[in-house]
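One chain, subunit A, links the two complexes that follow: it is found with subunit B in the first and with subunit C in the second.
== the complex of A and B ==
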């Protein structure tokens, strides 16, 4: 198999360490923390769409499931956050398996619509089942995340924890990218029939990928909950799923770095265009159109082409 | 080796195959011919599990494989290629070869990630080298398909199809789109694979290509077998001539 390429890991490590040491402003640390959560979700989404060709418009639901389990564990059950870290991915994995079994037999627009429907069901559930979810008002008073007895009660502490998890995840993504799993998923994306005729169980593999990505997204949802200390259904609406799609496409489909680059690029938009808050989706859409028309490989794909050309 | 017994396939009201029966020799190259829409690819799909036959059965090496999913048919030792190339543009030929290996040998994801099954990948690399060498595509191994001639890519598909050491190879229009030299080269490769004991069943339109290879020919028209036998016998079969050339009047 291919050798590991440490470039992405090193760039990310330098960036997060640099921010950790150089930035004291809590707001900016918060922006960086949320960017890391989104980057991990977008990179996972990229494995679904960019590698395997599964277009899921319901990723916000899994993010929400993780977040709400985190909130329930903290507020209603008063348990240690590590319970949420274990339960949320397991529940999301199981739900994704059950939902994915019929849904992943669909392709293209039909699959997008089916997953969108799933996302809407979960969104309605979050709003209507207020005795579990707190309804539209959501959950308040979510405690701090703690690890080995160490409570992450400041922005800086959570940032350091999230940085460690972010770098570990990037390392694991890189191992995945250079392993045979990368090829297997791209073969499935290219031709399911050819894969089946070569003995690959396509449905099982797609289910495994869909469920694993759901589990990763739910785990990030748990961290999001303990970071923001407040959640409501608005954060897990269809807009978030579209956001992930934009991040993956703008960053570059089929590249692990694509999700990360996309999350950072789109993460800056609300900061730079803070005064145009209501027009955020228009800016997203415009950027998406430009990338699709002029840079089909996204930022990562274009950079790779340039490097190859100059090599 | 491969026995097709009264196979019928219907798509709604359309009868694509009707009582198709023939048997391929224990070891040999069999060609499946017929005009467009005769049902050749549908028969391939019925054999390899992509389409469920409405009637009849398919047996391979004495075992009934009717209704098996494609993954299981492959495990029985039947490998196939498709009319279109299934090659990922951004991967090199060597990387594209893995498709032919991982489905049969099923590597462990955990062991691969932790570096515990280096032996597995070493044997995979050796087998890949061996197969690429066998069909003369080694020089292109590290190149991506966009810079490789079409004829070489067709040979590459053969290399990938024999990676799993199949007993039988099903080739769907292997010579389509090739020039004369490339066809001759491909015929040589098919012959070479057959000489290693792999039976071959191929759908093909090019009669010259078929005459140079096939010992046994089956002709389909409108989903039914209208002639079978040696190339010469089928060539002289009046019904086959009528299907291809039409009636005199």
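== the complex of A and C ==
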């Protein structure tokens, strides 16, 4: 294992604490909370695409599965939110394992199509099986998240909880980035055949990564549900999968910081350009195009190059 | 039987979109996720030229299709040409980015509403064994078969078609033989956009045109292309028709809302069982 690099963790910690103390406006706290959820999803997605080379266009499905399990546990069963925290990742892990077993043998655009198809199927099920999912109008009146008897009933309380989880996750991601597992995954990305000849069980490793990322995404989905108190299928459509892809690519593939930088950059666009009304999607697409065309390493990769040049 | 007829109509459209995917894939190896957007643009242009400006249909048709052709060429020149590192992932992503931009520009131009386009051929129903079919559906089917046939002849027989296939097989060898490979790549995007626009024009009177039509159309067309097998034009049309028929038959046994899921379930099954498509040749992967 290589030495841990605390820079990213410290920057995030300072930012999160700074926002926690400095911002009283509930709206901005909400934006920050959603940004953290997106950042964790994008960072997890980055492990799939940037490290292992699995292009998955159906991540929104796992996010949605987590969110719906959270909603069902709260609204229909009336159980403690902790049940959802345990059940959702387990279910997502199992589903990802079953789906991934045949799908992960594919590569390139075939893999993209297969995962995309899976995402669409789940999305359509969310819309149509209204006796379970509430159909297009979704779930209302989802309760508060509670932890050890503490109910997170205010914007601020949830923000504090989420930032704790966010920092913990970044710390874990950083450990992953410096571990030997990371080399194994990048090896798989570069050449599966070479990997196989070294005796690495490629399919099993990919399956493990795919399922673990699905579980993480589902867990974030649970938090999303308890934060918004309302979910509908629209939040888990193809657009969200594409959004995660954009975040990871704009931020920088193959860097843990990539997903986080991407989520923050793209998360700011609607806020900053809100005055331009509907032009935010054009800016979104334009930024994605520019990064892919001219800065292949994304923001994190470009920054790293600059730092190296100066050093 | 009625399901068969309606399946054939929507299947023809999927087939045309799949053809567009195939042309670009065959010459450049790129999957163009903005293909559905070309269909939408075709529909939108015919709305503006024919329904709003009231031009005679042949002129409006040429205008719409020509406009899309130019757009396809610009698309290649801007997005594909300027991409620094041309690996599969980057090229897929840049087409996704382009599709977001095109869709949003279209929303600003034409608004969020569904736009109606009036019929450009006389509408009547034809009695067929076990059901009826409107003249418009027949037009859609006829046009797509004609286009597929013409395109196949073009690629097999004509000089340009052969040049297109050569530059996919081996760009360097093709270049040595005096083929301008980069021109061929530009052309293939132009032709794919043109095909998309043709599909957009002929279905415009049947279904309304909305700025975000492109997503579903593109995905279904992609599904059809994979179903048939990439790299084969006949297979693209066959894949499209098969998908259309399966969809409309399934609508008779399951709730219609689940109809869209059928296409994707079929695709997943195909990818598990025979990843190269029903009619595709098996590809050997070089290490």
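Quick notes on this structure:
The rule is simple: the second predicted complex is superposed on the first by the 304 of 311 C-alpha atoms of A that agree within 3 Å, B and C clash if a C-alpha of one lies under 4 Å from a C-alpha of the other, contacts with A are read in each partner's own complex, and residues count from 1 in each chain.
Going forward, a contact is a pair of C-beta atoms (placed from the backbone, for glycine too) under 8 Å apart; a residue touches a chain by one contact, two chains touch by 3 or more.
Bear in mind that the values here come from a model prediction, so they are computed numbers and not experimental data.
Note on subunit A: of its two partners subunit C and subunit B, the one contacting more of its residues is C. In the superposition on chain A, A:7 makes contact with neither subunit B nor subunit C.
When the two structures are aligned on the shared chain, A:201 is found in touch with subunit B, with no touch to subunit C. Contact with both subunit B and subunit C is seen for A:193 once the two complexes are overlaid on the shared chain. Touch criterion met: A:113 reaches subunit C, while subunit B stays clear of it. Of the two partner chains, neither subunit B nor subunit C is touched by A:154. In the superposition on chain A, A:179 makes contact with subunit B only, while subunit C stays out of contact range. Common to the subunit B and subunit C contact sets on subunit A are residues 191, 193.
Listing the residues of subunit A that touch subunit B in their complex gives 1, 175-176, 179-181, 183-184, 186-187, 190-191, 193-201, 254.
Across the complex, subunit C meets subunit A through its residues 31, 79, 82-85, 88-90, 92-94, 96-101, 103-105, 107-108, 215, 219, 222-223, 226, 255, 257-258, 260-261, 264-265, 267-268, 271-272, 275, 287. Of all the residues in subunit A, the ones that touch subunit C in their complex are 49, 55, 102-103, 105-106, 108-110, 112-114, 116-118, 120-121, 124-125, 127-128, 191, 193, 238, 242, 245-246, 249, 278-279, 281-282, 284-286, 288-289, 292-294, 296.
Only residues 48-50, 69-71, 73-75, 79-80, 82, 86-88, 90-91, 95, 98-100, 102-104, 107, 109, 112-113, 121, 160, 164 of subunit B touch subunit A when the two sit together in their complex.
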